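Each chain carries a letter (A, B, C, D and E) given by its place in the written order, and its residues are counted from 1.
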């Protein structure tokens, strides 16, 4: 549906972009961050991407596919968006991807990402779920003197995240403390009480723990950890202190190590701009990796639309995303790999008091991962 | 054996928390015959009160408990008023109304308190690990076990031994005949719902460090306490106590150690127990 | 012999609601079962119909042991009953109540069902929802339902309770007109009705059998007078 | 306490059952209401005690108009009801019934148990574990223990064995002579006469006639126009 | 005034109107109508159990999921014939019901509600755990264009999928309505009203309830098949507790005893959830909808007046209903 205005006097046509994210349900904090990150980029760029004014259409992904599908359908069929972004859950991506493929609309996803048969129109600005784990495995092997216990939530995201660690850890000769040699999976999202699992960790003789949880489960895990039998074991993980959960965890989160592709105190030009704008827009919240990835999704679309000519179509935008090359982002430089996900650097952070409050403070670089 | 000590103790703490919430639902549903699907939302009242008011001092914790209990009790009374026009329309109408109220209240709660799960600060003396039999265990939960036992004992006495308890059961059997005794059935039901709500609020305020306030809390608490009420024989306070501790132990001892059955443990147990009871293999109690 | 009870007993905790009762009914016999309140009359009917399990004793129906047979099966074998409190299906029409009770809802019996309704005086209420019938009419409907099941043995629990005198008369004439091959066990406090109807009368007291005899014998019996005066047997 | 009902209209939903009933029961007398099934007797009793909100008219107790007051306020003014169909509390034991109901006054638990000894033997039974007659006794006990000044009885002897029914009626008659005001619904004229000073005949939603007990004893056919017409058309 | 003669013309007009929507409305509206019809069919199976048979259920999502996963598996095995999907899914739902019937048909009221809740939760847990078949919580894609009957065109676009769904749902609901107007319906209603009296009249109560439960299971299975055909995707979340609760409430809004009412209730609930609430605050709007329905429609949209009040009340309250004397477990052969 081309806007007839587009060819008159250089005034570029308005483009509709669809945003889908969990604005309700378990992951609404993540969904809200994704939305805010994208909107922040728009605000900083005059509400234009690639020179075209943007009409951002927002849909609620809810708790997963059953709510995501109708919301996506509405964005695609009713609103006629030229590209889609956001989407928190891997399950939602799996459900929505065929719809998008059918309508030939590209997805510049900024969070979850399952295995998909057809990748041609699907891009991810965050990471592959197994990346964080595999990037920190060597560090843990070097630092920890003994077996490590792996525990995570019993769903696909958990398998990918913790699996990334255990696979790489085994490859480099690390030893798991888990009695069966297999990761301990906790029912998700039913588990709110981790003390029984901590008893198992204690009796396994582990010297450290690696885990992945997000949202409420992360809060429960970290808080209970510090009052349990395993409180003295070092805790490594992905996302367990990310975003607003850190405030809820409070002092219990102190000293926890996490691996991430982003930290607000990264020292680069793009990040300084991003953090400053964020703090102005949301004075109470620290920018998260979720917000950053969504901000990057907007940046990717900005450049791709700009390159797609006066009348960008979904197909031409998709084509241009594939040709982007290096992207400078708050996280540093990165580029899309063959799997349409970033090749990027990972960092180690530790929760410390940064003078004002508890924060994920950058400790060191880990590895660059991606394919 | 020693490995199971902490999970077992914790199962008791968790079970007792469920019991205090479910006792409210038992009163409302089993004794007062009101199927209150907003019960979980009333728990959230208490839990949010704790999260917002308690700042780590004993005084603020006490105020939080009072505020949470009172707010939820008031909520119960309001529900009773809302239910007046539904007289004689059965449980499904009640379910529809209270479910609607729960949705609206849930939406408002997230609008007010945000979409995040909130942490709760408890007094320093409780916010630490204590050592029992060579293990670390959160002091707060140990204290909670003590208080919950007191609440349980008080309730059992109230329902079985007092005129008030008899009146409540009589109102369920036949409201008109209670009215003919000179007692207002509306007042009876309002006190039951307010009492049930207050219990939920109390549980929420005290239990917030264990099942904390957040957008999903109300649903989780409602579901668990429904399971407890039904397993406990619908109306029996002692039954609810036994069922709650059983659920606590299933969640904390059985499930973590048998990961393959874990996801099925709770509802599997419930289905089997209920079907056995429906076919007369187990007694179903209504008296406390 | 259509019904034979041997040593029948039913306990509730330590209360023996029915204790070691023996009773025999011939086909087509008209038997009344009387006794003071709480004597165990309803309990006995429930045991025969299968709504309760006995704690002791045997029940034989038509020379067949039905002690552990389900109530539905007993009904199909030919035991029909009415309840102390009329049990009908309030959302169905009176006619449908009879058809369902006859286990012939597919309408083949429609004319027959109307006859049953007519017999109890409800001919013009066929299409009325049973829920809007008065107390007395419900009793009559339940009787029509029990008859429609084609019983060999009919158990009636206080069919005259709550009826006005003309309705009791109607009931009496209806009972008198029952097919001769249907045995009837009638529980009733309305003694005029009982004495006008029964061939023989059995008296229960505190769960025990105290007397069986003709109407004349029963009227004279000192045990019966004692039972009603509340003397322990 | 004197009951004065004037122009009482009442019914269910849009339908009206009572079309303007006038009654008066002076203190210390007993009035019986007779009428065929479905005439509206229960409706009348419920409208008097507040279980049914009257559409028009007044219900005066000692001059104070109670029409439209909720039932519990009427009850507190000294009105008690023995409802049709017993309506005992299924989940409360007999003992709990007595404990819950009793108020200070001339009717004490021992006195009630003396009148209805059977209840004493069944103290630990729940309401749904009583025989029909036992439940009826409990309903009567429950009403008496609230120390009523106006007693409403809706077919109180349904299901009671003959002797006991007679005894209960004698007690009620005695109570009335002792100053209690009684409004009684009965099916059978002779039962009504055992208690009442006067009899009101209810038909077509109004009081068709009121007779003194003496008139009715002298000429039993006086009730015929109301009761006989009732036979099912 | 008797308006029965209006029934057939009104039904025909309604069907014509619904059919015309395929051409008059856009894709999005067609998709939503399709969803409404599918949820509506599921709601019909719930209404059959809850309103007609007196078994209030939160568990029809279980045969629904069984039907859906069966269909998705067929698609993976390259079976694209719609009629085959429908029949297999119906059979799967019916078999599921037959196996679980002994758990359900002996209970009453709230106990049924909780047993079926447990069955529903267990089934969606199995769907989440049995990854080799169901692909776990991330769900199962089943991308294929279905051919309704041999020789017919593939269902390529939203319009044809909508028409297909409409045809299937209309045929099944019509068949069910006819069945319920036959004496079979009277038998079920009588069982619901007074199972004790049914037994006393010689009816195999458990048998009737099992039959109703199996039919409802088959209907839910078909709804699952339609879900996969039109959405090309199924996940355990499609049959979670929230779905079950919404459907039960839709049925109550519809009046519980009315099949058409169930579909209308489903339309109201789905439209509120997916359309009105797409800007957020779905819970708020749904909540207000429920509260308004309770107060404004005491008998539901199309409920049976006399019945609405009596619906699974635990203990009888009116004087003309006897207090329950024998507890259920006393009945001989209750377990048979």
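Following the convention adopted for this analysis, a residue touches a chain if its C-beta (ideal position, glycine included) is under 8 Å from a C-beta of that chain, and two chains touch if they have at least 3 such contacts.
Model, not experiment: these values are computed from the prediction.
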#### Entry: subunit C reached from subunit B - shortest hop count over touching chains
2
### Task
Could you pull out the chain whose C-alpha mean position is farthest off from that of subunit B?
C
### Summary
Ranking B-E and A-B by C-beta pairs in contact puts on top B-E
### Centroid distance [mean C-alpha coordinates] between subunit C and subunit A, Å
75
### Summary
Taking each chain's centre as the mean of its CA atoms, subunit D sits from subunit E at a distance in Å of 48
### Query
If you average the CA atoms of subunit A and of subunit E, how far apart do the two points sit, in angstrom?
38
## Note on the structure
Between the Cα centroids of subunit C and subunit D the separation in whole angstrom comes to 29
### Query
Residues of subunit A that touch two or more other chains: which are they?
24
### Contacts with two or more other chains, residues of subunit D listed in rising order
83-85, 87-88, 90, 127, 129
### Summary
Residues of subunit E that touch at least two other chains are 128, 283, 310, 315, 320, 325, 330, 334
### Query
Which part of subunit D faces subunit B closely enough to touch in the complex?
49-51, 70-72, 75-76, 79-81, 83, 87-92, 96, 99-101, 127, 142-143, 146
### Message
Can you tell me which positions in subunit B touch subunit A when the two form their complex?
### Response
3-7, 10, 14, 115-119, 121, 128-129, 135-139, 210-212, 214-216, 220, 251-253, 255-257, 259, 262-263
#### Entry: Complex interface listing, subunit E residues touching subunit B
50, 56, 102-104, 106-111, 114-115, 117-119, 121-122, 125-126, 128-129, 241, 245, 248-249, 252-253, 256, 281, 283-284, 286-291, 293-295, 298, 308-315, 317, 327-330, 334-335
### subunit A to subunit B touching residues, read off their complex
24-26, 28-29, 32, 154, 184-187, 189-190, 192-193, 195-200, 202-203, 215-216, 219-220, 223-224, 227-229, 231, 244-245, 247-250
### Query
Residues of subunit C touching subunit E in their complex?
42, 46, 49-53, 68-76, 80-81, 83-85, 87-92, 96-97, 99-103, 105-107, 129, 131, 135, 138, 145, 149
